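In the two assemblies presented below, subunit A is common to both, partnered first by subunit B and then by subunit C.
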Partner chain A sequence: MALETRVIEEFRSELRSVDINEAPYDKQGYHLAIEARTGNLQNIVDFFDKREFYIVDLFCVDYQDYLELVYFFNTHRELCRIKVTLKLDPEKPVAPTISNIYPMASWYEREVHEFFGVYFEGHPNLTYLFLHDGIDHYPLRKKHVPVPDEDKKLLNSFKPQEEEDCFFINLGPQHPSTHGVLRVVLKMDGEYIISADPVLGYLHRMHEKMAEKKSYAQFLPNPARMDYPGALLFNLAHVETVEKLCGIEVPERAKYIRTITCELNRIASHLLWLGSFPADLGGLTPFLYAFDDRENILDILEDVTGSRLTYCYFRFGGLYNDINEERFVSATKRFVERMRKRFDMYDKLITGNVIFINRITNIGIMEQAMIRKYGASGPFTRSTGIPFDMRKVDPYAAYGSIDFEIPTGHIGDNMDRYRVRMKEMEISLNIIEEGIKKLPQGPFKAEKVPKKLKPPKGDIYNAVESTRGETGVYIVSDESDTPYRMRWRVPSFSNLMTFPYLAQGVLIADAIATLGSYDIVVPEMDR
Partner chain B sequence: MTFGLACCAIEMMCTSMARFDIARFGAEVFRPSPRQADLMIVSGTVTKKMAPTLVTLYEQMPSPKWVIAMGNCAISGGPFVFEGQYNLVEGVDLLVPVDVYVPGCPPRPEGLLEGLMKLEEKITGTRRFPVPEPKW
Partner chain C sequence: MLNDLNTLMQIVGKEVVRTVLGLIGVFIVVLGNAIVLTWLERKVAGHIQRRIGPKEVGPYGIIQSFADSVKLLGKELLTPANVDRPLYFLAPSLIFVPVLVSFVVIPFDGFLQVKDINVGILVILAFSSLTVLSILIAGWSSANKYSLIGSVRSVSQNIAYEIPLLLSLLSVVFMTNSLSLRDIAEAQKGLWFVFYQPVAFLVFFVAGVAETNRTPFDLPEAESELVAGFHTEYSGMRFSLFFLAEYTNMFIVSAIAVTFFLGSYQGPVLPGVVWFFIKTYALVFILLWFRWTFPRVRFDQLLNFSWKILIPVSFLNLLVTGGILKL
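Up next is the complex of A and B:
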């Protein structure tokens, strides 16, 4: 029996008063939809918590007449996506918190609060996370809603209490090991961290707001700027979602080229991390080697896409242009051959380095059970031994017809995360090789895709496996040529929020090692 | 000074790596502290939340000091300017004086190198390297 049928049965017997409806997965990207009320939300979330669901996302949509909170749940064992909605009064939106059940929800709730003005009853710390001190309205509301004075007090989230016997360190926003402009406020007791509190928003570039102002095609360059090391994968997430929403069929050749270029991009992104991770620990040499390999990939991708970093190559229904097969295939083969040999060198250079081993082994251990509570994904999840990969559970592009394995770790420490990523690069090489072998001839673009897309009314959630984990796009369409609401579920955000948990009580140097192992990208978290 | 903000920071890193090798032009010493720097390369989008930090960092740099605005975001806000935007400083020159603008989204490493040479030209009045002839 499929998991969703089992869930329906158990749900109906346990929570009789709540309606649970099946949704067409092909069209909407989730299996079940539940409409909750303020009174029974906690019970519903508790139901999914008991069945080991993880929290995918929590966000809000402003329908003018009412605000709708949307909760997504899924399992790590098989795909069973569940959407729980909760309608709120737009004049005085108050919802119960679920952060007592899922700790990650507290971060999502803070985000919803500052962008929509929704209050969460019982939330431990409802302060601003993203926005700057001068903000005077709730940005993602459709109407102009000013921030009330009592809310402005929550703006400055950093308030040290003087009587405490400890001191504070600001890690960032301008710090080499935070990979951009992440700021973490560390409460220290000597060399040990008492608590870590990330402050985001230093690179909040309003992508979600922009999506509402621009047409589907005009938004195409944006995803690449969200996650610049893995630009093609974000491009793919956006394009695939819109294709599913409009029902556009993609030709086989385009699917294969998408897969191959995405995997090349994945390796490039992992190489960037491979350079910067040892650099965080003090070893600057691997940086030079990793970038050397990365330049080779950039050459191939530049030839195909026309840019070095922020690719915008996929279009609705196919690709921007076809590859020059002779040049692309020979260059890729040459790269794969070269890269295979480089792994031995990396093993000698990094993996075998005693300092490196001692700095990261048994440090930053993440338990399997906590992964679910934080909704973490990607190599971070796989390092704890959960073989969860969107490419496998819900194959998109050409991943369904390519055979590949999913590397997993054992205990989920920094070393495991390192090993999983290294192994992933090797597997990406296999996927590229097989993809090239199977590359079919034919058109690279679907015919008759209208220039101005006007998708049917409805909503859709679609996820791909980007370099850092599950990247999901949720679109609400109102039949116009711009999305009514576009929500990005980004992996770095939920991954990073495990950092306060892992950093508690460890040495500051170890916390830096842990932070480096996350492979975070700040614009992606800030959106 | 290493002041990586966004996408352009990756290209800035590429510039200092083996292929483009910024050291050829004697400019490879990236410093993480403003106290040891004389050039700030603003590589990426400056948000309103980041702006006070950026100004503080600039003021902490000892004179003489210069600024390169790298990428469209740092020049004018670039692709993120739209009606009703609430979190963007539309150009870093609103905050600190800028000497050289390097356009692109992101600029290629060659572009940044050219920007450095332009800055040298501005400081010394002479150009150390010849302008390459376009091939087309």
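Up next is the complex of A and C:
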């Protein structure tokens, strides 16, 4: 029996008063849809918590007549995506918090609060997460809704309080090891961290609002600006979602080229991390070695896509242009061969060093049970031993016809996260090699894709496995040529949410090592 | 020329002339060393990281250090608003005093030594402990939490590592019955002390790396944790004085290691001073090599390593040395 039928049966027997409907997965990207009410939301969420679902995303859509809160749940065992919606009165939107069940919801609820003005009853800390002083209306509402004065006070209440026997340190936004402009307010007792409180928004550009003002094609370059080290994968997430929404069939050749270039990009992104992680621990040399390898990938991808960092190569229904097969295949094969030999060197340079080993083993241990509470994903999840990979559970592009394994760790410490990423690079090489072997001939682009896409009415959620984890796009279409709402579920955001949990009570040096092992990308988090 | 010098010596006394000339020589060595080391560090780092390093200014980029120092001289001296001004200004100059004093007693060869004091090594150890004072002053006066953490780390690190440093040198002193560096150098005419005291040499060198705040023990200025540690708020020439002191300290630690364990200026064919510099820079090169290969240890690991490993080992070594000498 499929998981969704089991869920339906249990759900109906436990919560009689609530409707549960099956949804066409191929068209909408989720199996079940539930309409909750303010009164029974907690019970519904509790139901999924008991069945070990993890929370994928929480966001809001403004339908003018009403606001709709959307909760997505899924399991790590198999794919069973569930959408729970909650309608709110736009005049006075109040919803119960679920942060007492899923701690991860705390950040998402803050986000919804500052962008839509939804109040969450019982939320411990409803302050600004992205935005800072000075906004006077809720940016993602369709109508102009001014921020009331008492709400402004509430949002601005984040002020570090000086106390006895401790002091505050601002780690960032300008700091060598926050990889950009992440700011973490650390409450310190000597060298030990009492609590860590990330402050986001220094690179916030409101891509979700931008999407509402642009046609689908015009938004193509934007995703690359979110996750710049893994630009192609974000490009893919956007393109695949729109294709699914419009029902565009992609030719096989394009699928394979997408897979190969995406895996190249994944290795490039992991190499960037491989360089910066030891640098966080004080070893600056691996950085240059990793960049040496990364340079090779950038050369290959430059030849294919025309750019070196913020790629915009995939189009709806295919690719921007075909590859020069001779040049591409020989260059890629050369790279794969070279890269395979380099792993031994990295092992000697990094994992062969006793200082490095002592700095990362048994540091920053993430329990497997907590992963689903925080909705973490990607290598971060796999390092705790959960073999969850969107490429495997819901194959997209050509991943369905390529065989590959999913590396997992054991205890989820920094060493495991390091090992999983290293292994992932090796597996990506295998995928690339097999993809090249199977690369079919044929068109690289679907025919008759209209210039101006006007997808049918409806919503869709689609996720790909980007370098950092599950990257999901949720689109609501109203039959116009611009999306009514586009929501990005980014992995760094939910992964970073575990940082306050892991940083509690550890040395500042360990916290930095843990932060380095996350492989966060700030523009992706801030969107 | 030589006549003039002789007359000068007769007028003001031999000792004074020797001291003045020696101090001028020390200055030249200190500045020359800093210039060479800046270039060497960048070049070594470059080659370890599969780069070329500086190559534009002069052949092999040799004049790069001069260009750098001109740039540093021309930079604005920023003074942050809340600093404790007298202490803030004092710290960079203060860090240089102990460094210069240490040079006075180091014998570069049989003749080239500013002054041979019969407690030479004590002078060096006593004054090098003062370095930590100026680091503490710098961190305290900067009114910056990163600086403060950096300087506090520095103090506990230096206390922890001075003990094994002293103990390892003591075992050599046991063998020579003298604290004068000249005597110790002369005693190695035959076999170098590193062959009698390999353990002491290793302990000394590791503790020396920690004393000079170099990677893997560069916790006071750990850039990924503390931005730049105690000198976060210093810019321009003030920053470069800290920089200069670090390079000079590297030279001193290597020079002491050479004097105590590697036969000082003793060596065949070449003049003594050449041997001295060759050996010293070989050790300096190893220090650079460390920096560009190792990551940084954690603070508790650093202290544990000293108190639980280095100090017991050096005590045991001292005990064995004493026992053998008594027999």
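We adopt the following convention: the second predicted complex is superposed on the first by the 520 of 527 C-alpha atoms of A that agree within 3 Å, B and C clash if a C-alpha of one lies under 4 Å from a C-alpha of the other, contacts with A are read in each partner's own complex, and residues count from 1 in each chain.
By definition in this document, a contact is a pair of C-beta atoms (placed from the backbone, for glycine too) under 8 Å apart; a residue touches a chain by one contact, two chains touch by 3 or more.
The shown structure was predicted, so the numbers you read here are calculated from the model rather than taken from an experiment.
**Q** Between subunit B (first) and subunit C (second), which, if any, makes contact with A:510: first, second, both or neither?
**A** A:510: touches subunit C, not subunit B.
**Q** More residues of subunit A are touched by which chain, subunit B or subunit C?
**A** Higher number of touched subunit A residues: B.
**Q** With the two structures laid over each other on chain A, which partner does A:355 touch: subunit B (first), subunit C (second), both, or neither?
**A** second
**Q** Examine A:2 and indicate which partner it touches, taking first as subunit B and second as subunit C; both and neither are also allowed.
**A** A:2: touches no partner chain.
**Q** Touch check for A:203: first (subunit B), second (subunit C), both, or neither?
**A** Touch status of A:203: first partner only.
**Q** On the A-aligned overlay, A:292 touches which partner chain: subunit B = first, subunit C = second, or both, or neither?
**A** A:292 sits against subunit B and subunit C alike.
**Q** Just checking: does A:345 make contact with subunit B only, subunit C only, both, or neither of them? Give me first, second, both or neither.
**A** neither
**Q** After overlaying the two complexes on chain A, where does the subunit B footprint on subunit A coincide with the subunit C footprint?
**A** On subunit A, the residues that contact subunit B in one structure and subunit C in the other are 175-176, 287-288, 292.
**Q** What does subunit A use to touch subunit C in their complex?
**A** Residue list for subunit A touching subunit C: 167, 169, 175-177, 191, 278-285, 287-289, 292, 349, 353, 355-356, 358-359, 507-510, 512, 516.
**Q** Which part of subunit C faces subunit A closely enough to touch in the complex?
**A** It is residues 48-51, 145-146, 149, 215-216, 218, 222-225, 227, 292-301 of subunit C that touch subunit A.
**Q** Of all residues in subunit B, which touch subunit A in the complex?
**A** Against subunit A, subunit B makes touches at 2-7, 9-11, 13-14, 17-19, 32, 44-45, 47-50, 53, 57, 79-80, 82-88, 105-106, 108.
**Q** Please output the residues of subunit A touching subunit B within their complex, sorted ascending.
**A** 131-135, 137, 139, 173-176, 180-181, 201-206, 209-210, 213-214, 221-222, 225, 228-229, 272, 287-288, 291-292, 295, 308-310, 522-523
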